[in-house]
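Presented sequentially are two complexes of subunit A, the first with subunit B as partner and the second with subunit C.
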Partner chain A sequence: MFSQPTTLEEALDVRARCGPDLLPIAGGTDIVVAMNRGQLRPAGFLDLTHVRGLDAVRHENGRYECGGAATHATLSRLPVEALAEAALSVGGPAIRNRGTIGGNLVTASPAGDGCVALLALDADVELAHASRGRRVVPLREYFLGYRKTALLADELITRVRFPKDWITAWYKIGKRGSVNISVVCCAIGRSPTGLFHIALGSVAATPIRAPHAEEIVNRDGLTDGAIAEAADAVRRDISPIDDHRASAKYRAAMSVTLVARLLRRIRDRVKEPAR
Partner chain B sequence: MTPEADEMVAVELAINGKPTHLVVRPDETLLFVLRDSIGLTGTKGACLEGECGSCTLLLNGAPVNSCLVLAAQVHGGRVETIEGLAHGDKLHVLQRKFIESGAAQCGYCTPGLIMAAKALLDETPNPDEETFFRGMEGNICRCTGYTSICEAIRGAAREWSR
Partner chain C sequence: MTQNIQTIDVPIAEPFAEPLVPPSQTPYVERPHGPVGRSEDRIDGPEKVLGTALYGADLFYGRADCFVSVVRSEPAHAEIVAVDPSAALKMPGVLGVYTHRDVRGTNRQGLIVRDHPVLAESRVLFRGDAIAVVVATSERTAEDARRAVRVDYRPLPVVADMDAALAPDAPRLHPDGNIMGGKRIRKGDADAALAAADVIVSESFCTQTVDHAFLDLEAGIAHYDGRTLTIHVSGQWVHEERRLIALALGLPLESVRIICPATGGAFGGREDISIQIYLGIAAIQHPGKTVALRYSREESMRARHKRHAMRIYYTVGATRDGLLTAAKITVFSDEGAYRSTGPAVCRKAASHATGPYRIPNVSVDVYGVFTNNNPTGAMRGFGACQMAIAYEGMMDRLAARLGIDRLEVRRRNLIRSGDAVTTGQRIPIATAVECLDAAVRRLRQCPPPRPTDPHKSRTRPPALPPHLRRGVGYSVICFGLGYGDGFPDASRARVGVSDQGRIQVFTGGVEYGQGLITMAAQVAAEELGVSVRETDVVWADTEQTFESGSSSATRQTYFTGNAIRLAASELKEQLLDIASKLLGVHPHELELRDGCVVGRFDPARSVPLAEVVAQGRARGYSLEATALFKPRTVCEDFDTGQSPRAFITYLFGSHIAEVLVDIETGEVRVDRYIACHDVGRAINPQSVAGQMAGGATQGIGMALMEEVVNRDGRIANPNFTDYILPTFRDIPPVECVILENDDPGGPFGARGIGEPPLIAATPAVLSAIADAIGVHTHTTPCTPQRVWELLHPDEAAVPPDARFSLAPPHARLER
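Presenting the complex of A and B:
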């Protein structure tokens, strides 16, 4: 079976009726890789690439609202630094033209770069069902465990919302340009009220926020001492493992380094005179 | 295994400007439909994981990895492959420059490189360093011919932007 709806209503309807029997597919950059490896044989597909408007990004009341099928190429052109840089770090142009934010959030890899950037923006994700309607889940509550998320088998990710004007910073340690699965990735967003949102990838079973580190800079601000203390506290937020990409010890050390580096970068930005 | 007739998907698309009607299995990739069903074997498959770029072609003007796109997804789309570049005997400037620079060794990565380069130059006829490498970062060559490959694309860019 191959379903190719052109409206969201129709897509949600098919999803509600067929559930897991029809695998939603957008860019296929996770799914078709798994199929080509012989690891996945979907019985059928629900193609999301023809759903009108699902790939669009809108701007409203100081927030962006992007459709579940917005591509990394589209996100890489937004003036939201952490998200744009994260999107630009995914694959090469051909991968970015197909791979979507919805796919990134559903695959929910611990290394998912879109996931990490959106956590630092305290994004909301909208999960929709044909008859139950839409529910908005804060992204920080969306990741439930290793590749497990709050998305139900009869729902689709319809939208992701995140602020436009936060000061953000992002850095990924990886091996090489276009096949750059992160060894450690960090993104930090500072809200206009001065609250910090520190997110990391590849250091736990899911992309995570770092509440211990956040608490320190939220309380003490960005003094040299607070930055050092927050960076060190991130060790309590992470639970890295050894794998073929890096050792747990290296990941922990790099988490500390990146948190300090990005907090300093944000401090420099905050100081820049407003234009 | 022969799939049931109602499992097959009808797809209308334009391949190198030619309206084409196809009937495909839902799980067939564009790469293998082009190569095995249509006989357009210019597009190459190598890693089948989106990492090498050999299968790059243009879908609605933008580069994609045809090994990761299902043929059925391309309904209504416009596909450009390496076979569509030359006009009769007249080679496309990128093809000519690849030959002049000796930028093909085993040649397996060449069609993907040329299509990625075409997408790059279509959008940015005179790319700066960063744009150039961003545009080409999804393609690899295992014969280590990068210097001549870059030379070929830069040569084409010079003619392109004239």
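Presenting the complex of A and C:
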């Protein structure tokens, strides 16, 4: 079975009627790999690539609103540093031209670069159902567990909203220059009100925020002491594992290093007098 | 010594600069004046670029009647209790399931010792051992049926690594125990010399398991007409494959024909039999049908042999001036489940254990150790690249210990022309120092502009941020070309001419991207005075070509190049003889030029080649010639490892890497890369530069990221998501410096280039990392985590002492 709607209404309708029987597919950069490995044999597809406007990025009221089918390539051209760099670090050009932010959020890999950058922007994700309508979930509440999310089997991700003018920073440690899965990645966003949003990937079952670390810099600002303390506090926010990509010890140490490095980078940009 | 130096920068995705070739006066070899020495376009280039070349996977589509799938062992070590295909056989579309009982021949494979059952009989020794072959009407059905074949195992304890294999109570994987055998070298008295040395430096090195990772996955078709089994599968030595297939399947040799399709990379990974015999089993069971099989990347990585992981214990003694006096070396090499080419890899590791250095007292012991990992065998570098990591690592350590410059320590110990390597073989033209000097000269020149960031090219950033450190690393290596060690090594070639006057070259060698057939055409065309465009090459078809030995061991240019040159020269004699009668000119006063036979002193007397051929045919000339090139080497002595001529000739090279290391995260970026090799003569400089850039890329991958992670006999990363290969962003433009000091025995003075660039690359990068962070490396690959652990040894995932668990006593001798 194969459905290729051209409007969002139609897509939501098919999704509501067929639910899990039709696997929504956009870029296919996760799904096709899983199928090739025999991990996934879907009965049919709901192809989202022809839905008008679903890949667009709009700008209103100081916020960006991008459709679920916006590609990494599209995001990599936005003037939001952490998100653009994260998107640019995904795969190679072919994968970035196909892969979408919605797919990144549905797969919800702990190493999902786009998810980490959006967490640091305190993004909202809009989940829609044909009859129940749309609900907006803050991204920090969206990830429920290892590859488990708040998205229901009859809903689609329609939009992701995030602010435009935050100061952000991004760093990813991987094993090579491109087509590179993160061993640890970190994004930090600073809102105009001076609140910090620290997000990390590949250090827990989901992409995570680091509330202990955030609390310290939100309280004490970006002094050398606060940065060191916040970076160290991130150890309480993460729960890394040993696997063939890296050891838990390395991941923990890198979380500390990256949080400190990115906070310093943001401090350099803000030129905020150290309190 | 006169030198001809060419420098070619290989900027990725940019055209070559025209190299400047200064004239060279060589005492040995006549100057080529035709295609040899020119960067002729690849003969196979257009069809590969246009996509019309047919690779194994292209044959797979549209030509097959039925499809094969292989049932593989899930446990890494188990007895097979029963194989029950009944559920699979009931599935619609399934034509048959075959086990070892259906194989009529020896059911054995293995290039040196036939110790590996094609289909397992009573026991499986690694997770990937084949058990049965399924044939069905579609690929999907064959896959489903493969899963439905029920295999009952009695699990046996898994020997996951060499420590487990050498434990006193370890299960025996082969009848003679878990030590496959090995190789030793005894030269002088290493113990006495160590006792007398001013300084002793000791280290243990761990190298990783590496996959060949060629892009063109194993795929092909086979057909059996009741008489002849024809197999279209890429290999590296089609005539030897034919022998192995015929033996395993119980067919007469003449009944097997192998035709090699276009092949995308091999690197030693196609030396062992891959899918050929499975296809043969299926084809024989279904005569008249074309059967097809292809691997996924995961199956390819699970089924294929790998590069040996080695643990190398290295102790050197030296004088205060840094002159090496002794080396004592023990190597344990993870052989995996079966021998493959392991015995030869161990021998090559031993004979290359001290590289290009002059050491009067040497003791080397290399042991191959069986485990339940994938068999390990041939891969570009063949045991020599692991040893280069060790001996170059030792040179850096010795320099640091003595406070002598790293280059100076090397220069003091490098062999010079006329010196002997550790096997006792004297090297008449040893250009190790010349390679190092040429690479260093290049380093002192400005780096070329980088295609990626043209603005930042010529000037260095004034200061690095505090977390970045810059380092430079050097390596010098030598490599014995060919099988060597007394092993029969020969190449036959046939050269003929068509009625239209086109030159036809027949070679059994395999073109897998390295440039073999273009080299073959250039050599024949040079000898016969025609252009490459007038030359056709027929290759790697057991029916049409003679055996040329394997396309491995950096040997095809030397061996097949020589065989083609000899055959072409015989053909030329015939052509001149015929023309002499037509023109009334003595043959010695004729030459072949531009497709005509021309009077040397009277160019007005000329006859086109096609006319010569027509007249020759009428007069009963064969108009073809076959030649054999079979130089002898001498087997290394069993007790001492000494041989007056273990290898036919030696190659030298030197690489320099510049890296930036992030000392907070351990990330390494290779910033600049210089490769210099003495190739004797570059028959095709652009091809040589391509091999240098490719080898350097593979070597950088081995230094920084590539690693097959074996966990309890299971490969944890059998895919390109987690088996990390370098990308364009990881490799800077490779600056290639080609030295040409003619080899007296090579075709037009050529030696070869295949393996050395990889061997030299890994130690250069490791040396640069050590220079940057001030800590020597010992374990490859140097992933960010490993570099970080070198700087934070307390945080290491594997405690540093684990490397010494197999330590022989001399590893603790340091003083």
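Here is the rule we use: the second predicted complex is superposed on the first by the 271 of 275 C-alpha atoms of A that agree within 3 Å, B and C clash if a C-alpha of one lies under 4 Å from a C-alpha of the other, contacts with A are read in each partner's own complex, and residues count from 1 in each chain.
Note that in this section a contact is a pair of C-beta atoms (placed from the backbone, for glycine too) under 8 Å apart; a residue touches a chain by one contact, two chains touch by 3 or more.
Values in this document were obtained by computation on a predicted structure and should not be read as measured data.
Engineer: Should A:254 be classified as contacting the first partner (subunit B), the second (subunit C), both, or neither?
Structural biologist: second
Engineer: With both complexes overlaid on chain A, does A:173 touch subunit B (first), subunit C (second), both or neither?
Structural biologist: In the superposed model, A:173 contacts subunit C only, not subunit B.
Engineer: Scan A:195 for contacts with subunit B and subunit C and give back first, second, both or neither.
Structural biologist: Neither partner.
Engineer: Given the touch rule stated above, what does A:92 touch, subunit B (first), subunit C (second), both, or neither?
Structural biologist: Both partners.
Engineer: Once the structures are superposed on A, label A:4 by its partner contacts, choosing first (subunit B), second (subunit C), both or neither.
Structural biologist: First partner only.
Engineer: Considering only touches as defined above, state whether A:245 meets subunit B (first), subunit C (second), both or neither.
Structural biologist: A:245: touches subunit C, not subunit B.
Engineer: Contacts for A:45 in the overlay, against subunit B (first) and subunit C (second): which applies, first, second, both or neither?
Structural biologist: first
Engineer: For A:136 in the superposed arrangement: first (subunit B), second (subunit C), both or neither?
Structural biologist: A:136 contacts neither subunit B nor subunit C.
Engineer: Name the contact category of A:32: first (subunit B only), second (subunit C only), both, or neither.
Structural biologist: In the superposed model, A:32 contacts subunit B only, not subunit C.
Engineer: Pick out the shared contact residues on subunit A: the ones touching subunit B in one complex and subunit C in the other.
Structural biologist: Shared contact residues on subunit A (touching subunit B in one complex, subunit C in the other): 33, 36-37, 92, 177-179.
Engineer: List the residues on subunit A that touch subunit C in their complex, please.
Structural biologist: Its residues touching subunit C are 33, 36-37, 92, 173, 175-179, 181, 183, 242-247, 249-250, 253-254, 257-258, 261.
Engineer: Could you pull out which subunit B residues touch subunit A in their complex?
Structural biologist: Subunit B residues touching subunit A: 7, 9, 26-27, 29, 48-51, 53, 56, 59, 62-65, 67-70, 72-73, 75-76, 116, 119-120, 133-139.
Engineer: Looking at the complex, which residues from subunit A come into contact with subunit B?
Structural biologist: 1-2, 4, 25, 27-29, 32-33, 35-37, 41-42, 44-45, 47, 49-50, 73, 88, 91-95, 97-98, 177-179
Engineer: Help me check something: in the complex, which residues belonging to subunit C touch subunit A?
Structural biologist: Touch residues, subunit C against subunit A: 296, 298, 467, 664-665, 667, 669, 704-705, 709, 711, 716-717, 719, 721-722, 724-730, 783-785, 788-789, 792, 795, 797.
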